[in-house]
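Following this line, the structures themselves.
Shared chain: chain A. Partners: chain B in the first complex, chain C in the second.
Right, the complex of A and B next:
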């Protein structure tokens, strides 16, 4: 402390030369909030919504785990077992028979009274279940590494179908896990494409108006007036039959995305038309900001909440709609594995009454759809931090 | 030979028509008879009624009464009641032999002169006599009327391309005389889809320009909103479609409801020509109530007890649900066997557009290799719980032509032999993933197209994919709509459709071998050759494969052979060619078909074959003898 003593301070305390305003000091905390970068504000707001946070964490985990899905699947999803058709879910018995975890071999025979296979566990023959071990055929982790390391390994000489098996004796749990890869990704592509096109074209029309607006608006009307069914029929004839089911579906979701953008483009256009007249946009223009900056920094944040809401709304229909076009040979179809396909197989009375475990994919669909909704809800609130 | 056949038919009929016992009047008709609206039973029955002995077939004589409920899928399925009713001039019996039914007897000379004897006193369901005039009306005024039949009489009425000479011998006897043998004639009359070579002349004349005034027809034409009298006539002349309640019939039950989407009620035909040994007039059941419901709902409706006899709309996959619902639904589930030659069969298209693959499909070694590489056991075990038969597309055991060697020819999985055959063809090059390469370097990828209606098909193809991979063949499954598939096949663009095997798995010497020869474009093996035959050479291509030419040749021979033994011999040769050539790769046959039967319903066979033709689904099992126990 080298400053000269202030003549007013008889005790020799330091006094700020700028003086002190008590009211300003009270606002200081708030000011720091208001001046903080938007992303920090968004995050701070988002964090307060526990449900959205949990949903986001769950979805992040699911998507990060997708490349390693094989690790969580005890079996190869296509592996059939003719001796275990329609096997009900099996349990792991912990701390039994002197082992940490065991399961029992199951023997099936056809019950001619009910026409269903009957399974009996051989409880005298406990087999140890291995965790984080090597078994079964190799799977590809993250598109590069081949390995057969799995979280749960069925014991030697016995099966372990934690969620039962389907009509060809395939492990439902493994199919569920592997099915997530397609269900959570391929359908998203169509949505991503339609969003990209819709935002760009709608933005151009709304921001520039005039000729651009007229061109985009007419294009929207033309695309919307195209009849959908004949287009799909034409596509079903045009797609080379030798393509695998996944590439067909990928192609179709791309095309659907290319046809599906007008709704969003219209919403974006009207929002832009309204926002363009706002004073802060005018101010930014007068200060010489570039078009890109005005759109990106000043206008976009104002309707991201709308975009997020419509995106999360379209995800449930996407997951369930995978198989909708199968009739025309365009939807996902075997041997691809997805939740929509599994549910499609379970859409009859037999599954509900006799083999209820075939409805297992309902749970992840339910959870994922809800998670996306909660996440979208939280994001929408958080993205409007000043409200 | 033909004379013995004729004698057998006549003798069987006469033996049954010996004496008419006097039975009791049906309770439901008693008020009608008492009120004088209906003549008593003795006057309603033909004096030469067909007397059946249920006991001879392990059945019991029943009692009249009750309402039988069934569910059909679409409004126009009401025509199935003509199929189920199965009153035919001649029909198949339980052993698939032709027997006179509506006719008292049939005499056949040289396989070309057919004399049909009606039952004296036989009447239409409206009480009008059924006579030779009804045959004449059909032959002269319908089949040979240029407005009603622009393309002339149906195929089975032509022998060597020429129509018969029709003669009325008496009120109860008519004769069709061809120059050449016509073996198709009697089987056609016994079909599930009866061609009806007789029509109720007394009813239809009112709509025929030859008999009705133009002035009388004009208001009818206007009222029915049709363009001309021919359309008017066709609209009322719906013997098979069965949706004109005013049209008289000879079937056991008469439809009383015009076409609709909800419900049909059929009542007993008071003039039906069959009685049991005790003199009780058939059918035993008074009424049949048909509801229309979507296919997916049939099983659940059965378990709720909403039907008394159901086979339509049920498949083996429904069996567990049916079994579980037996107590609440008050029925039992029986397993009949499907009568198609193969439940799931693959048809390598010999007319496929791509020359490389076409040459391959035409190589018998390739087809044999495909068949040898298929894992039928897995299909049977996984899809049918092992209850089907692992056989090629061949005659079923119920057929006199059943040959265990043909049924299992190239049908046991033998990957080593399959691979050896493929190597022998020259498909030795392989891609990195083990898929064989065609000589032109393309991958051996086979697209299997299906109608996408049966989940079993998709499962079977999935199992096949695995098995054929071992032989270096990649399979791509492509479910299509039924019509899209058919059109693709007709153009030669379908590579290897999956479908049923031959419709008729129980052929006899009398069965026309239509499914086995290249005569129909709907056969996925050879759509172009079939077109060529059907259009008389105007479209498609002539068969150029020796085996197919031989089949066509044998087919022509069959059509010209009067002698049943000769026709049987032709059948055997055709079946042998198919067994050797593997034109269609059948996977399983004799698949169990669940039938839900009310606990109160009697005389329904416990085990039976369920087939369209011959068999008419329920037809050969004689629904008119089913009855409700007290």
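Right, the complex of A and C next:
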């Protein structure tokens, strides 16, 4: 006696009537895909951490948008406006006055008691705001194309400062967007440098042991015990004042990377020490593989991902470091634009009280640092797919 | 134990020597310093008296000698123009910009710096210990999430923003003083009870600002350690046989989790000292931070060199204390050090 043929059963195979629950199958102890490639396991685990995923997406977007930052800036970051000094943020009103988006020009009026200009929106004069249009001076996209296409164009004959203006009447939003280019890359370059130093020194110590190990371990201990900021300050004070903005920027990244390597070197060293004892390394050695091949081919793949995670976690401190250095006037120098430099104006407590929008660069610093922390934490947790 | 202490102190002295070389190199990196600019100016004037003065300055500050001799003279291991007179002999050098001895320039700022950092460490411990313990015992409840949230805020907020916000609201709501480390009335006054109280009041905001980031990391680590301990069978046993829950946590698991907590000061201290320099600069505290910045700007290298040395020294002493504390807490560490 057989059951009625299942309509799904075209090949005559048995099909369980209980159905298949993917989530439950994932919980099963010795499921088949446990021998899936590590990167798939890592990805699967990483994907479950929503916060890390969102942070990763945000950072990817920010970094990909960097070459096209000019598109998001309504103005040239260096453009001054003598009529709009310390102008408060201005709003865009959607679907008003029969237009899709309008803004009301800010009219200034001298306050005769404090002798500072007071700004007020002139609601009787709506001006249309254009989106994705051509206006203002050209900017260079990805170092090649020159264009003046912008996401938001201020209306004709009026200003549009969504985040207000600073003490020279420059648009804070535009400077914020352009400043991201330097503030975000400084961390990457710094980490690349610290990565290089950490890999080489940690590798030397871990692979060769003995004297090299002792020397590197001592160096790690010493550098780790130095307070970073004063040393950063001293090193950046040594940058000759005649250098151009680009060389200063590179130098600052190098300085930020110079003190950061001990953590990485220590991780590399301990990984090397552990992996050197593995059988497959011994086997490769016996088969006559060169040192370079053993390190590059057999050992590196085992820990590069961990290093990437710890590097991700050390980018925030570099971004904060650049901010602190520029804030104190020993980091990047004008005409460069960075978040730290913008905050230099906000150092004054009274300025912050009267013009709170000068603190706007804090927000991206905050968001980026948090995003890197979440991403790094997520990566670190995901990289151990068997736990 | 005595052997351990001696070995640990020896390691610190050794480290300090290396650090002093580093600091000397760093402060001498800029091509023109205050003194050589002054000498060049005197020479350029061409007057006999000025040239003679330039020569005198060259000799007085040993600029005519090779670099390594200058270093040894600075440290006090080589006879300089005035005999052995360097850091080791307590002669901190001369500030060219202010034309006063370095010791007179830094003076009170040194003690205020030490006090600021000491209070910050105490604050970090006093807050992180209960917060981390509660976060672990009540894991995944609102108080745990609150601790995590505060932790992330502390991690991601640049110190000085926190400073501005706290000053603003502290002054509005609690009448806390804004800026500086003492009221103007007490500047240059000898130490007294009233002055001490005034300084303590001014310390509240900076201590919170500097400590928050370190505290956040501390709470997270203590929570993780304590969670590991709480999952162990002996805790279950203790609870099962009727030990009161508070006692079951405090008696052994907390003590086990405390070790990394003490050891952590090594990671914490460099960050705290960095933070105290930055916050002092932003908030105008009378510590060595602002003096360091102006010395670096004008390349007044005896002054900046000494301050850098002092800051590193402070960190190293703190680490030494934490190591000794740890060894006292946990005998295994004393013995483990023996075969190294």
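Annotations for the structure displayed:
Convention: the second predicted complex is superposed on the first by the 257 of 387 C-alpha atoms of A that agree within 3 Å, B and C clash if a C-alpha of one lies under 4 Å from a C-alpha of the other, contacts with A are read in each partner's own complex, and residues count from 1 in each chain.
Please note the rule applied: contacts are C-beta pairs under 8 Å (C-beta built on N, C-alpha and C of every residue); 3 or more make two chains touch, one makes a residue touch a chain.
Quick caveat: nothing in here was measured; it's all calculated off a predicted structure.
Look at A:366: by the touch rule set out above, it reaches chain C but stays clear of chain B.
In the superposition on chain A, A:85 makes contact with chain B only, not with chain C. Of the two partner chains placed by the overlay, neither chain B nor chain C lies in contact with A:258.
Once the two complexes are overlaid on the shared chain, A:353 sits against chain B and chain C alike.
Of the two partner chains, neither chain B nor chain C is touched by A:120.
Contacts of A:345 after superposition: chain B is touched, whereas chain C is not reached.
Legend: residue contacts after superposition of the two complexes on their common chain; A:334 is shown touching chain B, with no touch to chain C.
Once the two complexes are overlaid on chain A, the chain A residues touched by chain B in the first and by chain C in the second are 327-328, 349, 353.
Looking at the complex, you find that chain B touches chain A at residues 296, 299-300, 317-324, 333, 378, 381-383, 385-387, 445, 447, 449, 452, 455, 458-459, 462-463, 465-466, 476-481, 484, 495. Taken in their complex, chain C has these residues touching chain A: 15, 18-19, 22-23, 26-27, 29-31, 152, 155-161, 164, 167-168, 178-179, 266, 269-271, 273-275, 277-278, 281-282, 292-293, 296-297, 299, 304, 307-308, 311-312, 315-316, 319. Put simply, chain A touches chain C in their complex at residues 221-222, 224-231, 233-235, 237-238, 240, 316, 320, 323-324, 327-328, 330, 343, 346-347, 349, 352-353, 359, 362, 365-366, 369-370, 373. Interface residues of chain A, counted against chain B in their complex, comprise 78, 80, 82, 85, 110, 113-117, 167-169, 236, 241-245, 326-329, 333-335, 345, 348-350, 353-354.
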